[in-house]
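Once you scroll down, you'll see the structures, which are given as structure tokens.
Each of the two complexes below includes chain A, the first together with chain B, the second together with chain C.
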Partner chain A sequence: MESRHGRKKEQAESPEALKTREEKETVLVREYLALKDTLKEIVESNKRDNDALKVTTALLRKSPDYYTIWNVRRTILKEGFLDNASDDETANKIYTGELEFVQENLKLNPKSYWMWNHRRWCLESMSQPRWDKELAMVGKFLEMDARNFHGWDYRRYIIRQLDLKDKEAKDKVLERAQSEFDFTITKIHQNFSNYSAWHNRSTLLGKLAEDMSTEEREAIVDNEFDLVKNAIYTDPEDQSAWLYELWLIGREERSISILGAHVISFHPLEIVVAFDETVKMRNPFTVSTRVDHVAIPLEGEWKATGSDSALGSVWIFQQAPGAVYGPTVEIVIFSDDVCAVRAGSKLPAAVCYELETLNQNLDEISGRLGRLVIGQNLMYDVTKRIGPVTGPDGTLETQAVHPKHRVTSLTESGSLDDRIALLEREISAVRELVELEPDCKWPIQILSTLLSELRKTVSIHSTQAKVIDDECIELQEKLITIDPLRQERYEDRRTQLVFDRETLSIIQDSKRFPEIEYSAKQPTNLDLSMRGLTHIPISSYLLHLHTLNLDSNSITSTRFLRNLLNVRRVNLSNNLIEHLEGMQHAPSLEFLTLENNMIAKWEDVVAGFVFWGEGKLARTGGHVKVLLGNNPVVVNEGGEYVLEKRWEDVGKVGVEIQWQSEELRLAEEALLAAEDETGAVGNMVVDGTRRVSATVVEFDAGLAH
Partner chain B sequence: MSVPNEETTAVDASAPEFLLDQHVKYIQALDTKKNDLEYWLTEHLRVNGLYWGATALHILGHPDALDQEQIVEYLVKCQHDNGGFGGHIDHDPHILSTLSAVQILITYDRLDAIQVDKVVDYIASLQNEDGSFSGDSWGETDTRFIFCAINCLSLLKKLDDKRLDLQKTIDYVVRCRNFDGGFGSSPGGESHAAQVYVCVGTLTILGALHHVDADQLGWWLSERQLKNGGLNGRPEKLEDVCYSWWVLSSLSMLNRTHWIDAPKLIRFILEAQDTETGGIADRPGNMPDVFHTVFGIAGLSLLGYPGLVAVDPVYCMPRHVIQRIGLIEKH
Partner chain C sequence: MFRLELRKLRHVKYVLGAIDKAGTHLTALDASKPWLCYWILHALDLLGYRIPERIAVRTISTLQHIQSPTGGFGGGPGQEAHVATTYAAINALAIIGTKEAYDVINRETLKDFLMSVKQKDGSFTMAVGGEVDVRGSYCALSAATITNIVTPELTANAAEFIARCQTYEGGLGGFPGVEAHAGYTFCGLAALELLGRTDILNLDTFTKWSASRQMSMEGGFQGRTNKLVDGCYAFWTGGIFPILGKMLETAGQDQEVLDFVYDRDGLQEYLLAACQSKTGGLRDKPSKHELKDIAPGGLSALLWTENYDKRKVVGSPSNVLEITHPVLNIRMDKVRKAFLHYYGKAAEDVIEEVDIEIIRC
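Right, the complex of A and B next:
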């Protein structure tokens, strides 16, 4: 493909020039097609001689990416020459000729995959390939184009081949890695922006450090930090060194936390387990119950909330019909039962929850699907967390201390103090650069990342954590102004930081650092209005809420609603929502305000309710009132009357939609009341503008689809 | 149903207009340039070229602008006894052209014209011990070929073939992940936006996207956008229209397309159109070709440019086709 890049469009030519060019082109085409015909004869007649080889040479000179000819050429070489070669020397001569042929063509087409490939074939087929010569050759190529990835790939390939030969001689392999490491520094010194060299350095550093002592490692890593400093002071906008710095710092692997497990319904038994991030369930969590003092597995099914049940932060277990449970139910989640969708985090060890089901008040929860239970604080059930537990194979899962502080991607340290010292040193160095170059985005981005790393080392409720959060939020705001191209990335990051800050009261540090869990007392109301949020980063945090105010943010999706099992009132007015989703799984939802959003199409309203039949609300028969005033849909779809009619067409469900804005409705009510007072007949149509403000319509999901 | 994008993305009013009809004509004319040496020198890309052209036309809303019957007949002639397709009649089979052929046939709903089982035999024969796939029987490996294999098998609904070891494939792709969160052509290979696309695409199809740190990789990908709105494939390199696809589709699989400036990218792609002949070049002022034409148009579609048929970010085929064959829920 590369040959198609970068061809300048030529200016219009004179008729004479065009004619001459066309004539020349005709000759070239004729010659080329004649060569191709000859090749066809060769292939068909199985000719494997010098003449045949020459035809492939001529064709490949003209069309180096014609891969079939390379294949034909190798077949001719093999069957016509190499198989009959009397000795290695003869064969080597042939291969050497090929290498020369490739080299001469590579100069013209340094990005042709097929040519590099042919070269590898020659070397791998030779009895004594001269890898040293290859290394010199590719070194020259990287002088012509220091970023040619074919060249770099080939260089690594040569090293791999050599290492393979020296499998038993570790010192030679290390020596070679060192020499390659030195090669990258030459390239970096020629140009600090040589990202290819920085990349290769990252692959070599690990190899070199493998057998080093801690001191040696620290020395080599310090050396790297110095190199980075040199580069970033030379050009603070160059991302190469910054990305390398980030890698050197590494990231502390945060584990997945289980925020809590709770019974939400007794008939049928439903248990919810909440994680602090989206996880994929690899094996269903083990649920057992004690019947007559014997633990037996409890049959049932795990599902994530929402229609896409493979991933989620809130998981619900529902007992199989007819399954019987005793006074306690136990859930065990093994560390490999889940994996985080975000790479890197794991559940550090198996956890077990014991849930008491004895003291359930059957009178209270019978009838309306345990709504009363759902409405309770989730600590309603005595939730005990015990561990460690035995693994599936019967052995006790070791509570091994997982290395938490990844100082670099090649060294890990268990010492928190070392980690803090390193971060503080780097933070102060980057801070200096931020002061020197206040409008340069890379130092600011890296400073923010380093601060976030430092925050992981302190308690989430500490003053230091708060100070860091505030600074990071400010840094994102600065980035939004100086790098508008990536504005929304910074806004998402800012949202995460603001959300973390505002929801601190909901979580607490678990005793098993660095995990978190729900704090003992859960708020039922949360006001997050006017915070500039673009999304809800961890909706499982909000599981307990009854009322959530998100008025005047920049939220684009209602998908998070699916995890809000207890929420009754949500205010999402003045956001950027374009279509409804998620609410069909919010079983307690009663009132949803969506005024002044960007919902433009009828289908995008209906989409929120299409799975209604599968959601709980359909079973409870609950009613939801949705306020949609001042969304483009009202005008786009023909105004309020038409929408009311279309909604009626859909069927029946307990959804009440108000198209008119609440403000207008209240004004009308006031007008009506005033009319009543003056003794006028209510509902009198004065000028034909009065409208039925809200229509209760029945909506049946099954028919809608 | 091929429903054109209705979302009206904020298109800069001063941006050049989109030359839909000219692009259709440009693609239709590609097979008439037999007096140009270039036509013959690119013969090994004929099947790929047909996929690029046919896909572009579908996204442009002109699915019938090429002679479908003639194309299907031609593709049948490109299939070899071992099941693989060559880049042209009499060209050796290769996984690159095999995927293109299958993509065209599925877009046209004409899989009946070929022996599907043989294609699966061919692809299965290319899996290596380490989980990777070779491009052909000569053995070159590259993460591109892994994606071709997995994409093709997924389109054919044959990922459950007993001869395959997909866990090994996932492990291999994960080994190609780098210090910056991106992916290269082989373990140790430098991150490159096109290799990121094939690796993220493979992991998406295989349901193993949790191996990707979306925030880290999304950051790296968003840094591909340059001041002029265009995207490059690696740090400190030039912008190029084809990265509109590789970068954007990867961001889309990671749910982060909004991390770059869409109106600026749209403008850059529109400026790379050839106003005389139609078609899109790698960057403004250069010669157009069908490769950059399709990836420019697909990029515009992914950005919600009005009037274009929606494209699928994983398969780079019309979304309604992926829906028709029932693969849409997978990502």
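Right, the complex of A and C next:
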């Protein structure tokens, strides 16, 4: 009987039917339990005969993942049959029987680990395993389910076994790889969504190309690109071929760059080293001082800025109390000392910095180098010297190695021009597809990735880099409109691109291209307002800034402030910040504008400053004003009660609060006056928004004053 | 307005019913008894149902008989030890969380068993004579962590082996060279978290691969590139995100960024609307029969999406579940209790270390 929805109505089981079913089940369960009891006896009595074998057969049919029985079965086979087998033929017969048994059961349970395992045992134990038959067998399984990963894994296993046998016959191994390669194309032609086939193809291609000449490689790679093109023109929304294309193109390894090293203070000696991404310190960087031409380690401690001192992009060394240093101090960072947190990339070679400590007159140094002041302290670039450097084990680390360029995933090294030519060719091919399918997300994403790869091959200040950045930003904006479900992913990428573009004045190409470093002349102000930023991708870039304007973005966290050692004024109005953090290492901070954010609790403001007055860099003391107008906190909490409560909690840090800032009061007065004069109704626009009230909080470290 | 509701009572009834009424179709799980114990107890635990004394006593007695004389737990009485059932048995006992339950575990022989399946390259076989893959790494390390028997020999090369399983795509395969798969990816990642070595992975490709497993239409997850949605991957892939969240935060990302690595609402909706069976239990997709193993997995997954950084519960407020440990997958309070038992005074430090702060309420 069909219901309205075209589905069979579920009929309640009649009491009779239920009874019959239960009786049947009881019989089955009894049978099974009896078999298990027999098995127990077999194990205990060491029976190794045909009856014993039959019991395992019956049990494994019912419960194929009962791994203990597989192990018992192997023992029975080995001790009861195989050890006594008079010749190979008898043994092989037994194994063949096992293979048939497994095959028949595999059809019912193609994902049972233990069945595949038993099969391997048989074949590895046989004197004449018929691997060709195995290939045919697994081929059938992959016809039943082309994505069964057990099947694919088993297929690769068979090939590995055969290759081991033919270790000496390279041509046979290659021939086999070729035939497997052809098998993947059969599977891809059946259904090009089958990523398992593409994946296997990627593992085979490398093997095939191993001994090829450059021309042959080019030919085979061109063929692959054509194959991908066929697939993506058939269905540009299908991801398998795109992922394979990305694999073919390969990612150019990005190495870590050291942006610069500076002295913060001489007494005690404090040195800061900045990287272009978050790194993990594996070994402390070596700091030594020379006495009579002998390098003596200078005791001290390296710490990353911020709460997690084991990771960071800005690292500070502080000399141990009582340690003494001579006229020169040397800082050596070996390539193994750091690794990037995000992609595990490494420093290409050791870097050594040398610091002259004879002239410690800060005013004079400041005049000569025209560099950075932290509180009353100075920072300046120390001499940078590039290897060779003697490693801790006495070996010589060689000169910086220029990174090898991969043309495709198949080439370990090649010429940069070839890489560029390939990228340009693929870019123009994908562009054509983007024109045909303007609302398909995959070609746009791939285009953006290819452009980013191309950007890695050019100088960061080149016109081409700028053109690429602009286009990539546009592509992200397009992606946001056609694939809104992944909006945040694209916004994040867009933020990185915009940030890269807007901070170009801060960095320059290093002599060791493609590494980068701080520009010789650092800007002191940076305006990043209204750029749609969701976060600050690389805060170490901002180390030297005095003033930073981030008004009207979508930033959610102030953690990046931990690396702004030199900053005085930060405008973060009109963002999405809920609480303050990261101020520990921003001792020069004087004015923080946070109007129109999401700060709802007084604690979330104060928590950011609890350690501020205790930071090692805050010896000079400090006094910071925080503008909090138009945050929920102003409505939620307020008045003297909260103020008094907080005063106790913050401890040493002084807190001052006023309900309306002087600046805003003046601005409002001016607006009212203007309205009176013109008769029009105006909005007071300060940094893009209308403000009703403002709250200024002042924090006073109160140490030096 | 239609409101999505987690039908807790029905699920409890379904799970309790499963204890006494295992049909013949469960013969295939005869070598997975500790799993049945763990799944049932964990589901009850997550639903906030106090485990009845009767069931606790029965579980303890069952698992006592399942423990192998040579260490570890097998799939049933008289069966050889297996890493996965050892994991399940230890978790089940930890959920019961009484002295009698803890005392079942012979830690000395357990250590011997785990070392007997440990391979030189850092991998673990699932049982003596069994297959190698990262499930072994996770199960072995989880069992060893709870019972405080982690040694340098046990962890030697373990992280390096798992790192070799990361593919070009970014996810992890079962062993080096094979296609990335969400089940193995969770196991590998959770094992790395237990080893404190998640930094060994390429985070960028890992993040992208994990996020790409969510289906645009369904909100649920697939297990591999270009496969279909399946409720069980709500667990395997969903389980990646709390740990990934911590990794991203460590790498300098804002905590808030984590919220949009995947669509939590979408996944909760998929589980509540598409995977709940009328008669209790969860299933992988609406066309399929409910499966018990999916039940606690689905619940854990639901829970993870609820508790990821800030509580976020789709549908009825009563859908809130108890909080589970994102790596060991037993309730947080049960983890604490087990640690206090096995680590003694040192527990405070260990709890701080293992007590991942990502689950904040």
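Rule of thumb we're sticking to: the second predicted complex is superposed on the first by the 503 of 705 C-alpha atoms of A that agree within 3 Å, B and C clash if a C-alpha of one lies under 4 Å from a C-alpha of the other, contacts with A are read in each partner's own complex, and residues count from 1 in each chain.
Just so it is clear, a residue touches a chain if its C-beta (ideal position, glycine included) is under 8 Å from a C-beta of that chain, and two chains touch if they have at least 3 such contacts.
Just so it is clear, the model here is predicted, and its values are computed rather than measured.
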Room on chain A for both chain B and chain C (clash or fit): clash
Chain B versus chain C as contact partner of A:H535, first or second or both or neither: second
First (chain B), second (chain C), both or neither touched by A:N117: both
Partner chain in contact with A:F591 - chain B first, chain C second, else both or neither: neither
Partner chain(s) touched by A:R489 [first = chain B, second = chain C, both, neither]: both
Touched partner set for A:F149, first chain B, second chain C, both or neither: both
Touching partner for A:L33 - first (chain B), second (chain C), both, neither: first
Which superposed partner A:L243 touches (first chain B, second chain C, both, neither): both
Which superposed partner A:W602 touches (first chain B, second chain C, both, neither): neither
Set intersection of chain A contacts, chain C complex versus chain B complex: 25, 28-29, 32, 40, 62-63, 65-68, 71, 74, 113, 117, 147, 149, 152-153, 156, 193-196, 199-200, 202-203, 238-240, 243, 247, 280, 308, 339, 341-344, 485, 488-489, 492
Chain A residues touching chain C - in the complex, by the definition given at the top: 25, 28-29, 32, 40, 43, 62-68, 70-71, 74, 113-114, 116-117, 147, 149, 152-153, 156, 193-196, 199-200, 202-203, 238-240, 243, 247, 278, 280, 308, 311-313, 339, 341-344, 485, 488-489, 492, 534-535, 539, 556-557, 559, 576
Residue ranges of chain C touching chain A (in the complex, touch as defined): 23-24, 27-32, 74-75, 78-80, 82, 126-131, 167-169, 174, 177-179, 181, 199-205, 211-212, 216, 224-227, 250-257, 260, 263
Complex contacts: residues of chain B adjacent to chain A: 6, 34-37, 40-41, 43-45, 86-87, 90-92, 94, 138, 140, 178-180, 185-186, 188-192, 207, 209-215, 218-220, 222-223, 225, 227, 234-237, 240, 242, 256, 258-261, 264, 274, 281-283, 285-287, 289, 291-292, 329
Contact set on chain A toward chain B in their complex: 1, 4-9, 22, 25-26, 28-29, 32-33, 36, 40, 62-63, 65-68, 71, 74, 113, 117, 120-121, 147, 149, 152-153, 156, 193-196, 199-200, 202-203, 238-240, 243-244, 247, 280, 308, 310, 339-344, 409, 484-489, 492, 601
